[in-house]
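In order of appearance the chains are A, B, C and D, and numbering begins at 1 in each one.
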Amino acid sequence: MSDDRKVKVAIVGASGYSGEELVRLLLGHPLVELSAVTSRQYAGQTLARVFPKFANHPRGRDLRFTEPNCELLGKAAQIVFLALPHGVAAEFAVPLLQAGCQVIDLSADFRLRSAAVYKDFYAHDHPAPELLAKAVYGMPELYRANIAGATLIASPGCYPTSIILPVAPLLKAGLVNPGGIIADSLSGVSGAGRKAELDYLFVECNESLRPYGVPKHRHISEIEQELSFAAGRPVIIQFTPHLVPVNRGILTTLYLAPARHFASEAELAELTAEIERAYQAAYGSQPFVRLLDGKALPDTKNVAGGNVIEIAWRLDPRSGRLVVMSAIDNLVKGASGQAVQSMNILSGFPETAGLL
Amino acid sequence: MSDDRKVKVAIVGASGYSGEELVRLLLGHPLVELSAVTSRQYAGQTLARVFPKFANHPRGRDLRFTEPNCELLGKAAQIVFLALPHGVAAEFAVPLLQAGCQVIDLSADFRLRSAAVYKDFYAHDHPAPELLAKAVYGMPELYRANIAGATLIASPGCYPTSIILPVAPLLKAGLVNPGGIIADSLSGVSGAGRKAELDYLFVECNESLRPYGVPKHRHISEIEQELSFAAGRPVIIQFTPHLVPVNRGILTTLYLAPARHFASEAELAELTAEIERAYQAAYGSQPFVRLLDGKALPDTKNVAGGNVIEIAWRLDPRSGRLVVMSAIDNLVKGASGQAVQSMNILSGFPETAGLL
Amino acid sequence: MSDDRKVKVAIVGASGYSGEELVRLLLGHPLVELSAVTSRQYAGQTLARVFPKFANHPRGRDLRFTEPNCELLGKAAQIVFLALPHGVAAEFAVPLLQAGCQVIDLSADFRLRSAAVYKDFYAHDHPAPELLAKAVYGMPELYRANIAGATLIASPGCYPTSIILPVAPLLKAGLVNPGGIIADSLSGVSGAGRKAELDYLFVECNESLRPYGVPKHRHISEIEQELSFAAGRPVIIQFTPHLVPVNRGILTTLYLAPARHFASEAELAELTAEIERAYQAAYGSQPFVRLLDGKALPDTKNVAGGNVIEIAWRLDPRSGRLVVMSAIDNLVKGASGQAVQSMNILSGFPETAGLL
Amino acid sequence: MSDDRKVKVAIVGASGYSGEELVRLLLGHPLVELSAVTSRQYAGQTLARVFPKFANHPRGRDLRFTEPNCELLGKAAQIVFLALPHGVAAEFAVPLLQAGCQVIDLSADFRLRSAAVYKDFYAHDHPAPELLAKAVYGMPELYRANIAGATLIASPGCYPTSIILPVAPLLKAGLVNPGGIIADSLSGVSGAGRKAELDYLFVECNESLRPYGVPKHRHISEIEQELSFAAGRPVIIQFTPHLVPVNRGILTTLYLAPARHFASEAELAELTAEIERAYQAAYGSQPFVRLLDGKALPDTKNVAGGNVIEIAWRLDPRSGRLVVMSAIDNLVKGASGQAVQSMNILSGFPETAGLL
């Protein structure tokens, strides 16, 4: 395909881990051309210089980081990805939308429908509340139709992806109670971003297992919003993130209360079948959801580098609970891959283009 | 102190990870002499040959592994540690007790009071049910007085230690409901033992996060037994272990339901004070329990190599739940260190001897 | 491209780490169809069952491992990759060649020109010495023309790739002495293969740095063969491999003696220019060699998953030596990627097809 | 032993990795009392607050970091350890010596005999050249007698320890040539210090192998100084450090040229015996040198946490070279442990006190 027919895309903030992963995916994408990458820190340098791994791609030696400039970006690209810190992304989204670009934001700025909830969790006023109604939550398995016509996509967070996808179909089908949901997550260190802080030094993370952000992590806000939509009523969850020594990956274990008892063998069999049907109906034909069968359980190493979520579940007759487990690559299905998946839908490309 | 006045101790099965750690602790213990170590695989070789790290200790070059022989062990040692697989330990305990030794068993063989529960979880008849009533569960913080006079100590498992110690005082004080307890645990790979299996190869574990043994792990049996004792009625728990790429350490996150609501600030403050009092009463003067204060949360790297358990907790007004977190070194407080702590009590030594 | 026009390829021994990596590369290759994979251990199971990571590729759910059978393989595929242990590969190569297949062998069986050297290093007679003259050493940067017309390709080892590519151009240009070459290499644990041995357990490798196979590692034989060809006279090297706790990657540091002195600034500048010219002439237009410039030094994380070798070098006026450093992914440029690169040449495909 | 009879010691700069390790060793030392620890960053906080791992030691809850003040330190301690960056240590050494303290400096400030060499490698004038003649290089295996009477000890660097100890006896015995020595070293990340820099983030180090500081690392200066003393004439070495993903450990591989040929079996046997004798004479009775025999090779996991250096060697008849390998814990024998060993000698304590 000639470059003329490719859609031009740009990345604002391409030097963090999510930005770097976006570069990787977009350089390898057959239907787009990466026309601009910005970074205040690296402006003027080639991609190849900053990320040697891209030096053997032709664009790696040509493309240079620039200072972020919305006017130029608006001319250089049809679709602009924002891989920026929370609060900063909104500053770019407004002018880029006015310039006619489609914006896919990887930050949390447009994920919440409510500016009040945003303020509660992020501790400052929302920078562009008028856009909240316009933004579409970029989780294709739940919002594919909305994404197709959107101009502003709020691409989901990594923890929320690992939690919402496994739980939403069960809530929608009324198979589990909306109350008392617990999500216990383990995250690789790239989730903390490329930040020079003592807590994320190799020596501080290697041979270390630790919870953090207990009990009110910011991601809870978007998780509860989406689970509430699925349940049709307000959902409050318990969420505990942990930092563990891997580069990539989120492993989430969910504790759910089935809506009815399953004390007998027959009840157990029936509930098992219903859960299976709910998942198959929701995800049986989705290209990036892998419903594990048999004895298989999720393992982050089986999704590393890919845009897939693995899901497995077990009913526990002893406790009366349903345990659901999921694994994703936090930088791919949890960030950049999911953003590209939304781009594919937005642009009328095959949903898996550049992602298999 | 001259060697004549030291108590002679032996280890049966000293070539696994727990056995190796016992060797380390006992070689460094000022009041005992390690007089025998057995290993079928390494019989005839010196400690220094099998574990080069002990080569600079005088005993490392003298002491040789022998074939396990209860008659000889009975003569060589007053106290015998069994670091053997489940089911095998009982074969040694019976003759060693008859020979007049005190036995500290690190396997699961004598941890359960009920042979029926044993069969339910371990899938075979208990090999020596007559000893179950005699054995003392070797968790000094709960059973110090019983340990002092025991001849057979069933040293607790690593997961149970990380769960029972944080939960028991809350159940005893009636501060949390015995129903609906969830324990989510992360374990380093040494917990799987020194076994040549594909699942535990470096390449299979590095950059991997995975649950296993869901939903009915064997350790549940001893956890429920001890929590039921604490609660005064049957407790059923939900437990999910995960394998994560560290050598050592267990990090457990517990989800508990406080026995009463704490919606108002005043109720929150009161419950907070009661939990604090319960923990201080139980552990304030225990040498190996570290109750974290302020913003501190447990981290396995702060307990690695030590016999300490770190405990922190947070009440979550949003969910109405209590989240308790603990960290231990699975090979020390979760196995060999706790066994030495029991030995110290048993022998009338200072409880911290050789463990600080 | 329709599947009818794709070249059919098969892998014998597809369940080891190199085999798994070949599956990944060939499933993603636009010009071939993976028509058969064999594994005694997993015969009958789908790719997706054995390697969940391939479950989202259409072939992953269709293709099943079969018992290795040369007659069937000869019909199923035009090109057969052998990812088997040393000594076993030859058993398959002979009948497959007779069946008219092109064979790309990733083992050491056909890498040496001399059956006597093979016996010296592998301690048994060569199983098919008549094929040694027929085999082409599958290092495209040195033997591209020969590979194009070959029927039997001996794909190089991982250590040799990291050593021969940096050194050969310097020897050919007469810039360094053939005597006294030292190669010091670090290897990730996947280099040891997927074998259930204690030495490669997570706990034994994590936090461990160790040399092994000193001083006569088997790979020395093919390194010396190829460096001797480059130098035009016999070369004896010193080689020390080390095992370090990463999954993938080889980092090699080479110590070479420049053929002439460079005591003065002018001599240093001249020699610098000549080395630069020699590398540019050899690799300036090679798609998979990355000659680092400026202050950059090789880092295995920059080549992980890719078919690239990074090379950097420094003249040391203090010692009079040339230090050359290289990094590859041992499973890609060091094994499966290089084999696919040879397949591309052999088949008249673009050399980078499926490898960028 | 009562605290009155213990020697009072202090640490200036106790919050880095070497400082933290010194705290660990001195808290566990039976003959000293840690009376002061300084840290500008943590002044006012207890040891237990900054390093939770020390919270279960009585001193951990009492002892608070203070601002560094030489006058107070001079009163508080007889022996002061300086765990400070290069260039800063000298500022403290001068007043502390004047105050009558014995100073053990872990920085490079007093390791070189020549202020000119210091300036060549550290790029600034030496801050206190008059002290260079007074300082003793704190490597007990080579300078035990001098250490006994010293007031200023320059404790060696980690790389130098791993290189000088294996090579010095061979040079002294005239068994290897002083020319052409190559040292190739791998270092754990704690060697870079507790610094918030991107290069040392977990994600940048994990799954990464990389050389650095090629070809003129600062540690070369003290290595060459000590090897020159051993050889009796100037020695120039080639040294390449590498960063590898472990917390602790240095593994060094040395390439040496024996002073005479060993082509025949008889010559090989004779040279083997002489090297063995030289090492036995130098280290056979040293408590912290472990000369490996049989097939054993050094492994950093066997020295982690201990003050030991492992040494093994192989003569290679093919290349005519001697390969010597060593392993140490960079924070113990490579820094804090060796400093405590010097303190033991200085103070007339048993050399192994607090270090076994």
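Note that contacts are C-beta pairs under 8 Å (C-beta built on N, C-alpha and C of every residue); 3 or more make two chains touch, one makes a residue touch a chain.
What you are looking at is a predicted structure, and each value in this text was computed from that prediction instead of being measured.
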item: Between C-D and B-D, the pair joined by more C-beta contacts; value: C-D
item: Chain whose average C-alpha position is farthest from chain A's own; value: D
item: Separation of mean Cα positions, chain D and chain B [Å, integer]; value: 36
item: Chain A-chain D separation of Cα centroids, rounded to whole Å; value: 47
item: Mean-CA-position distance for chain D and chain C (Å); value: 39
item: Of all residues in chain A, the ones touching two or more other chains; value: 188, 204, 206-207, 245-247, 299, 301, 304
item: Partner chain D, residues of chain C touching it in the complex; value: 180, 182, 184, 186, 188, 204, 206-212, 214-216, 236-238, 240, 242, 244-251, 253, 255, 297-301, 304, 314-316, 318-319, 321, 323, 325, 327
item: Chain A - residues contacting chain D, complex; value: 17, 188-190, 194-198, 200-207, 245-247
item: Contacting residues of chain C [partner chain A, same complex]; value: 28, 51-53, 55-57, 207, 287-288, 290, 292, 296, 299, 301-306, 308, 310, 356
